[in-house]
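Listed below are the structures to be examined.
Both complexes shown next keep subunit A, but they swap its partner, so subunit B is in the first and subunit C is in the second.
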Partner chain A sequence: MGERVQVVERASGQLVEATLHEGLTTRDLEVIERSWAAHRAELVAALMGAGVERRLWPESLHWDWGRKAPLLELLLVNAFGVACRGGWQAVMMTKTAGYDARVSSEAGKPLVYVDFVETAPWNWTISELGRLPVFKGLGSVLIRRAVQQSRAEGFRGRVGLHALPQAERFYGQVCGMTRVGPDAAKQDLVYFEFTRQQADAFISGGGDR
Partner chain B sequence: MSTTERRTMTLNLTEAEMRVLEALAEKKDLSKTAVLRQALRLYQLIEHRTSQGERLVLEDDRLAKKAEVMVL
Partner chain C sequence: MIGGESMDRATPEWLRRFADAEAECPSVSAGARQRASGEQPRGVALAGLIGLWRRSRGMSSAAFAAMAGIEVAELERLERGDEVGGGVLAQVAGVLGVSAEKLIWLCGQGTSSEAALGGVPEGLGARGSIPEPLNPRQAAALNEIIRNLAG
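Then we have the complex of A and B:
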């Protein structure tokens, strides 16, 4: 069960049917991590072997979805995933309480906070290794889902997140979120936010499909 | 029951409680149901964290004030 979505198979440029699942369980996240861990390890070996500087490594390389799984026992935590061709291609974890908008026009009003979002390691672009993603468009599918979740919660599309530096361009320029600025309380990661109007524009524009 | 199925309950509130609920709904631009859902989620989070030995602290940087909140 899940929502049918489309992602782009990079090699062929064709749209591919995928399924967006909500309500992922602890077991789902453990399965995902088992599936992705071997690829992460292979990438670390390849990056070290190629002498790639650490600062250029994918910034989520050390993530472990199995360790995030216990958070799912909290009502405010939800996980979503995109699956196609028999595998999990991307995952997102959101929080629906305790986070308020910071953009002045909507400051103090609740939003969906995207705590973690990551595509499978084989969907990463790693130019230092000449690696290109198998599937593209996964980030947009999940951010679109976060906006939908925000609307369903009565938050009118407001979404906030802290971006890893390698993803700042995606949230600011591709999604059109407001770049609020570095957050000293979150390792100086840049905080981005969708206002209601920006979320509407993102969705009506196709969620950048 | 799936995570999206809803169950209905009747809630009895005092006048004062209802006034607070309505004020919060107005301030947060939420329905009263959504405010109560937020409250439940936050209560569960606080209960979960404090039961693991963490403390809930409110801090005011401007006044250099810090106070621990007791959760019953």
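Then we have the complex of A and C:
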């Protein structure tokens, strides 16, 4: 049984009941990718057809959750997914061991590391194609869940992740995470981190936006 | 959690506030720029394309290799994303019905003014002897990709 959450249907502006599932299985991720892959392929065709420069393509377009599924066999790895209207709308994979805080005030303390997070292709904003998300707020709901997981683990809301460049604005400006900086060990992706105080502010709605 | 309801469920105000701000961002994706195992091989785009094409026709690796006039081992190298010779690519282009020049560029082994052709995502293909068929949306997408690569 999942947790009841809500997301926003962009077209109507209405709140829609959704379910946030924890403990997704390898099979779940394969099912998710099977339903998303066609939309990824359709987007590739649309982007190519519109002559959109490659650097402007969605940076997770090539992802394959089916290939990430084996990670679930590792201990202390958990996968979450948001489902509504009969489809998986977003997925997140977290780790609760092996990662410590880097922000100086909390350096060395354990945190929840968001290994991967992505919304379904139909929930992407692709301005070059004039595409808007079907559902909004999925990333916020999942990051909120990561903070809750951190609290449950006794990590006081500390969460870390490496954002793809197109997502840096979301984690830095919308969520209010600390931009620690590019990480040479992770393909130079920018590492972001929630301190305890920032996580509290995010949950209460007072992030640095 | 009580009865499936989180005790600190986001309020509608919280959700609307963050949802609106999130929708202004192009992405929320976090994790890895390319494959978690390291840099994306230069030929991954072609590997994905061949996988889609084979699936669209229910064609085994051996059958595709025979049609292209290449060794199965060479096809396997292609489908792993490894680099192969230009001659092999030209033969594969003939089977796919696309421009050899554009296909070579897609593999990162040449240059092209059509930068938009790069980066067909990995993971769309199948590795089995008889690959899983494409659904109508995938088939339509493949046709569009082939059309863009043609001539």
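Operating definition for what follows: the second predicted complex is superposed on the first by the 205 of 209 C-alpha atoms of A that agree within 3 Å, B and C clash if a C-alpha of one lies under 4 Å from a C-alpha of the other, contacts with A are read in each partner's own complex, and residues count from 1 in each chain.
By definition in this document, contacts are C-beta pairs under 8 Å (C-beta built on N, C-alpha and C of every residue); 3 or more make two chains touch, one makes a residue touch a chain.
Model, not experiment: these values are computed from the prediction.
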Give one word, clash or fit, describing how subunit B and subunit C relate on subunit A after superposing.
fit
After the superposition on A, what does A:L74 contact: first (subunit B), second (subunit C), both or neither?
first
By the touch definition at the top of the document, which applies to A:W122: first (subunit B), second (subunit C), both, or neither?
neither
Does subunit C touch more residues of subunit A than subunit B does, or is it the other way round?
C
Considering only the touch criterion stated at the top, classify A:T96 as touching first (subunit B), second (subunit C), both, or neither.
first
Considering only touches as defined above, state whether A:Y171 meets subunit B (first), subunit C (second), both or neither.
second
Taking the superposition as given, does A:R156 touch the first partner, subunit B, the second, subunit C, both, or neither?
first
Hey, in the superposed model, what angle do you get at subunit A between subunit B and subunit C, Cα centres, nearest 10 degrees?
100
Once both structures are aligned on chain A, how many angstrom separate the closest C-alpha atoms of subunit B and subunit C?
12
Contact footprint of subunit C on subunit A as seen in their complex:
1-8, 10, 15, 33, 37-42, 44-49, 51-54, 57-64, 66-68, 93, 114-119, 124-127, 132-133, 136-144, 148, 161-164, 166-167, 169-171, 173-174, 186-187, 189, 192, 203, 205, 207, 209
Under the definition above, what is the set of subunit A residues touching subunit B in their complex?
22-23, 73-76, 96-98, 108-110, 153-156
Residues of subunit C touching subunit A in the complex:
1, 4-6, 8-36, 40, 44, 52, 115-124, 135, 137-138, 140-145, 148
Residue numbers on subunit B that touch subunit A, as the complex places them:
2-4, 27-31, 34, 37-38, 40-42, 44-45, 48
